[in-house]
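Each of the next two complexes has chain A plus one more chain, namely chain B in the first and chain C in the second.
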Partner chain A sequence: MIDAGQLALAVAFVIAAYAAAGSFLGAVRRVPELAVSARYALYVLPLVLLIAAAALLYAFVAHDFSVRYVAEHSNLAMPRAYTWVAFYAGNAGSLLFLTVVFAFLCVVAVLSIRRKLPHTTPYAVGIMGLVLTFFLGIILFLANPLERLPVVPPDGQGINPLLVHFGMFIHPPVQMTGLVSVAIPFSIAIGAMLARRGGRDEWVELGRVWGMVSWLILTFGLMLGAWWAYTILGWGGYWAWDPVENSALMPWLAMTAFIHSVMVQRRRGMFRMWNMVIIILAFTLAQLGMFINRGGAVPSVHSFAQSTMGWLFLLFMGLTLFGSLAVFVWRMDTLRSRERLDSWFSRESAFLLQNVLFLVVAFVTLWGSIFPLVFEASQGLKVGEVTVTVGKPYFDRVNGPILLVLILLMGIGPLLPWRRATLQNLVRALRVPLLAGLVVGVVVAAVGVRAPMAALALAICAVAAAGILQEWVRGSMSRHRRGESYPVAFGRLLAANRPRYGGYVVHLGILMLAIGAVASSFYSVQRDFVMRPGDVASFGGYTFRYLDVQRISFADRDEDVARFDVSSGGEQLGVMEPKRAFYPAFRIGATRAAIRSTAVEDFYIVPSEFNDDGRAVFRVYVNPLVWWMWVSGPVIFLGTLFALSPQRQPTPAAVRFPAGARTAKA
Partner chain B sequence: MAAQPRIPSHLRGLGVSVVLLLALGLFAACSDADIPPLERRAQELNQAIMCPVCPGESIDQSQNPLAVQMRGIVAEKLQEGWTDGQIKDFFVERYGPSVLLEPPASGVSIAAWVLPPVAFVLALATLAFAVRAMSRSRSPRHGAQATPTQVSEEDMARYAGRIEAALGIGGDGAKAETRPTDGRDGKGSG
Partner chain C sequence: MLVLYAVLIVLVPAVVILYPFLRRKGKVGESAEDESSAHAELARRWDAALSSLKSAELERSVGNLTEDDYQWLRGQYMAEAVQVMKAMELEEQQEQELLATIDLEVKRIRERALGAANGKAPKTREESAEAAGE
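Right, the complex of A and B next:
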């Protein structure tokens, strides 16, 4: 079985190389048969790769420790269910995972573009083939998950306990899928350019759809990661701005810019060059993310310099970046815009500003993440001798204000008209949101806030919320005047322009996320408590009695489970059980916080240490409005799906012919 | 609100504000500031100091014994009346500048702080330049039309029709009209 898997990997490598070469050759030399055969080769690829994946799964299930990867990432005691997690727990396995997922995505993508973009498709297939060839080359020659050990160990080393969490069943695969999926809109865009079709906006619709799919998966990956951090890492927060998170965030930022600017091309035929630049940047950042995220466990920007694979990834990243920029320059003449920008005060300009700001955030994040490397190089230090740290306080301070401006823009931009806004338009569109922002800002300041930034942030959120509500209310009212009841009017309003109104739903979700983030970063309170069983303490309006602690032994870990009787304002809230697990094999401790979550606030207990004399240290947090952050996930999901759902007539409103009018016959 | 077909917009704005204020009141109520100032300062310091043995984690989040010990030192020094700067210096002396989670704003690492605002300003400047270039390049040919033109009644009616079509409202009022093929002349100056 393992040998079959090895063979499948080699065959897959050849097939991918053929798909790339055949597709490009067929397109350039105008040999359609060759291009078609290359496309079929791509269709076969996922099936071949499934054999390799099945071989690895089989090795895990059969505890075949002669396979190095299986020996390093599982043991006899590991529950079967964690085979799935172990599959991508390491470097080689996660690369295989990425490749399999990407191959499937490619097939679906090619099937979806084949008829609508016949000229672009061969080039897109070629680019997908190149990416697949690169991955498979790395897997075959540098990180083969099916590689055998010379001596078979009796038991494996087991799985990293930090990965043993429900969130780990979905977060890493979603994250990796999101990162690799950026290659799909990239392939479509570059393929269109190569086919001299970049200036005809036909690629835009499918580029947008795949861009949004990719964005949605990335969003989910990030949110699941934040949720995992919040529930398991036990520091009461969800986002630490560490290199892994940053590397996943940067492509998300670039994709967010892309799915917005591509709307301008869709509607107005503008920003054709700009969209190409953005998708190129997004894919480059996604590759960086894939490199840093792969394997998951011990990632840092330093790992680049420490392995051959790092250099290869960097090389491939450079090649795709400069290669696609070269194509861009080469095809620049086909990308002239149909129309010009009319005014600063227009929705086009707002989109452009949004794009630029998102890219600035991405750049700053990149800069902060690699700054330790830059610093070491400038000081002539050896790699790894870190003498400067760039952490959460830095990113909060530098990115926070730009993100706030972006939220303001999210509120104002959609209210501006296309082309040119007059003063009258501006006043009519913005007076209500700005007034709402002002009122909220003043009230928050009056209630007494510590941080002026918090008041500003909430005022800005209010502007954005009021802007969205105003659009919904105005639209529904104008339909209502035509005799529709309010609910019907609202429903039909949303259905009439799905990209737009789906976008508003997503914006609303982002706003929930933002309010949760602002509230919890400015208003969160925490305190450490030293308690013995029977002690009662109170904090933030909650009273909690430490009942007892029990030690439970499992095959792979010992758990200390504490029990608390919690009440608030005389109301019994039940028993909460925070726990701390210790994994002797890894010498790693892990905590599981107990969280009581409501729409208003989270009450969060996490154990720090249990002493032998019965004393225990607990940290207690009261985090306001965090609940909204997790709820925003489904809202964003549904909004994106709604925006994506096909509509009979897209874009510029075609004017209907009156009944009985005859159409001219050609 | 259901019966009234038209509500003055400032009233609507008020309604919106009220909804938002409710949400706000919720957590204004829950954020009882029962944390003494010294403890709050300790937390802020803890969040800015890195645990030297667990890279990237602050001593506030880490449960490593060293981090626990360092939290103790922070609290102690604050009790003794040290300033935030003195406490940070104390740790920098022992563990080097990398113990702080922010690069210092001096020496080479000032670049970490300078570049983001510079990038921000440069990006905006480039944007301004690009917008000007993009909007100017049409003026030689359309110099006359670049200024706002008077829109006739007829045009207004036509646009209203298109807006209604965009909103998906019944189409019998809209006139048979093909879209102008030349987008730049969309203002219909004909």
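Right, the complex of A and C next:
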């Protein structure tokens, strides 16, 4: 089975290279059979890759420690359920995983574009083929997960304990898929430019759809990562501006800018060059993310899946950046906008400003992430010789205010009309949201929110939320006046323009996320407690009695499980069990916080250490409104799906293209 | 067994990849030229123009497009449709008939969107805009 997998990898490499070369050659030389054959090669590629993936899974399940990757990332004690996690726990396996996923995504993408974008498709296939060839080349020659060991060990080293968590079943694959999925809208956009169709806007609708798919996957990867950090890393937070976190955030920011600005191109035929630049940036940042993930050059808590081959990713990033910019310059004459900005008070101007701010946040984040490398290089130090990191305060202070402006633009941008807004338009659209913001600002100040930034942030969130509600209420009432009941009016309003109203749902989700982040950033409290069994302590309105601690030994770890009896305001809240595990094989400890989460606040206990004399140290947090951050995930997901759902438009036969029409001038 | 796997892994993709070339020789099934032929290009442009026109009408009827924007977009899409018709070398009467059916279809969409049951359209631009909070 392993040999079959090896052969499948080699065949897949050849197929991917053929798909790339054949597709470009077929398009340039106008040989349709060659282009179609290359496209078929892309179709068959995932099936061949599945054989290699199946071989690796089989090796894990059969505990075949003759395979180096299996020996390094599993052992006999590992529960079978974690085979899935072990598959991508290391560099080679994760590369194979993302190649398989990307190959499937490519097939779906090509099937969706090939009829609507017949000229763009061969070039898009060529670009996808190039990316796949690169990944498969790395897998085959540098990081082969099916490589054999000369001597077979009796047992493997086991899986990294930090990965043994439910969040790890989905966070890494979603995150990796998100990063690589940016290549799909990139391929469509560059393909359109190569086919001299970049300025004809046909690619925009499908580029937007795939941009949103990519954005959604990146969003979920980020949120799952934050949730994993919150529940397992035991520091009471969810976002630390760690380089690997940032590496996923940067393409997300660029993709957010892209999916908004392509709407302007779709509607007004503007921003054609700008959209190309943004998607090139997004793909470059996604590749930078892969480099940071695998390079090991930037200090990070994410130590898994690192290797020394990150520099190859950097090289590939440089080549694709140079290549795509060369295509951009070459085809610049086809990218002239149909229209110009009529006024700075218009929706497209708001989108442009929002785009610029998203990119500013991305570059502030990029600078903070790569600063250690720049510093080491400028000081003539070797990589890792001196550990330099850029901390949370830099990112919070610089990005925080810009993100607030972005939320404000998210609220008022969609309320502005296209082309230009008169003073009357502005007053009518903004008076209710601004009044709502003012009221909320005053109320939060009155109830004791003293941090000016927190009060401002909550007021801005209120402006954005009121703007969305105003849109829904006005639209529903208007339809109601024409005889529809309110529920029907609301439903039909949403159905009439799914991208727009789905977008509003997503914006509501983002607001929930922002409110949770603001509240927990400004008003989270923590304290350390040294306790013996039987001790009682109070903090943040909670009273907790340390009942006992139990040591439980497993094959791979020893766990100390503490039990707390928790109450608040005289109400019994139950027993909470934070735990700390030690993995001798890895010589690392891992904590599991006990969290009681409500819509108001989280009560969070995490053990720091257990002493032999019976004393234990616990860190206790009260984090307000964090629950809203996790609930925002499904809201964003459903909103995006609604925005992406196809809108039925009747097409009577009478106005269809005459089937027998002759064609003289194409 | 390994030989069987090897044959399958190499042979199946090879057949799939070579199929477009074999098909051309046998002249069976869809032609690879179809997707880039002039006819396909014109059909796609025709569908895109009509779809955009209908979409613009729908947006205007719920107030998402101002009258000026709608008229501008309509002009663009109608010009595209006319250009395609010219390229199809239709008779003048056929062109007129096609343009008339487009107008009819757009009117139907407007009625459907505004609630054909009571036949009431928004009286003012403001009311129209309220339908979607523009």
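The working rule: the second predicted complex is superposed on the first by the 630 of 666 C-alpha atoms of A that agree within 3 Å, B and C clash if a C-alpha of one lies under 4 Å from a C-alpha of the other, contacts with A are read in each partner's own complex, and residues count from 1 in each chain.
Just so it is clear, contacts are C-beta pairs under 8 Å (C-beta built on N, C-alpha and C of every residue); 3 or more make two chains touch, one makes a residue touch a chain.
As the structure is a prediction and not an experimental result, all values here were calculated from the model.
Asks: After superposition on the shared chain, which partner residues are touched by A:577: those of chain B (first), chain C (second), both, or neither?
Replies: In the superposition, A:577 contacts neither chain B nor chain C.
Asks: What is the contact status of A:340 with respect to chain B (first) and chain C (second): first, second, both, or neither?
Replies: first
Asks: For A:8, select first, second, both or neither according to whether it touches chain B, chain C, the two together, or no partner.
Replies: second
Asks: Looking only at chain A, is it chain B or chain C that touches more of its residues?
Replies: Tallying touched residues of chain A, the top partner is B.
Asks: Does chain B (first) or chain C (second) touch A:535, or do both, or does neither?
Replies: Touch partners of A:535: none, neither chain B nor chain C.
Asks: Pick one for A:359: touches chain B only (first), chain C only (second), both, or neither.
Replies: first
Asks: Considering only touches as defined above, state whether A:115 meets chain B (first), chain C (second), both or neither.
Replies: Second partner only.
Asks: So in the superposed three-chain picture, is A:493 touching just chain B, just chain C, both, or none of them (first/second/both/neither)?
Replies: both
Asks: Considering only the touch criterion stated at the top, classify A:559 as touching first (chain B), second (chain C), both, or neither.
Replies: Neither chain B nor chain C is touched by A:559.
Asks: Across the two complexes, what residues of chain A are contacted by chain B and by chain C?
Replies: In the superposed arrangement, which is not itself an observed complex, chain A uses residues 470, 475, 477-479, 481-482, 493, 496-497, 652, 654-655, 657-658, 661 for both chain B and chain C.
Asks: Quick check on the complex: what are the chain B residues that touch chain A?
Replies: Residue list for chain B touching chain A: 2, 5-7, 9-10, 12-13, 16-17, 19-21, 23-24, 26-35, 39, 43, 47-48, 50, 55-58, 60-63, 68, 96-104, 108-109, 111-113, 115-116, 119-120, 123-124, 126-127, 130-131, 134-135, 137-138, 148, 161-163, 165-172, 174-179, 183-184.
Asks: In the complex, go through chain A and note every residue touching chain C.
Replies: Checking each residue of chain A against chain C gives 3-4, 7-8, 11, 15, 18, 32-37, 40-41, 43-45, 47-48, 51, 114-116, 118-119, 121, 202, 415, 417-419, 470-472, 474-475, 477-479, 481-484, 493, 496-497, 500, 649-652, 654-655, 657-658, 661-666.
Asks: Quick check on the complex: what are the chain A residues that touch chain B?
Replies: Spelled out, the residues of chain A in touch with chain B are 233-237, 240, 242-243, 268-269, 300, 338-344, 349, 352-353, 356-357, 359-360, 363-364, 367-368, 371, 374-375, 378-379, 386-394, 397-398, 402, 420, 422, 431-432, 435-436, 439-440, 443-444, 447, 450, 458, 462, 465-466, 469-470, 473, 475, 477-482, 486, 492-493, 495-497, 515, 519, 523, 525-527, 539-541, 589, 591, 599-601, 608-609, 622, 624-625, 652-659, 661.
Asks: Where on chain C does chain A make contact in their complex?
Replies: The contact residues of chain C facing chain A are 2, 5-6, 9-10, 12-13, 16-21, 24, 31-33, 35-36, 38-44, 46-48, 50-51, 54-55, 58-59, 62-66, 68-69, 86-90, 94, 98, 101-102, 104-105, 108-109, 113-115, 117-118, 120, 122, 127, 130-134.
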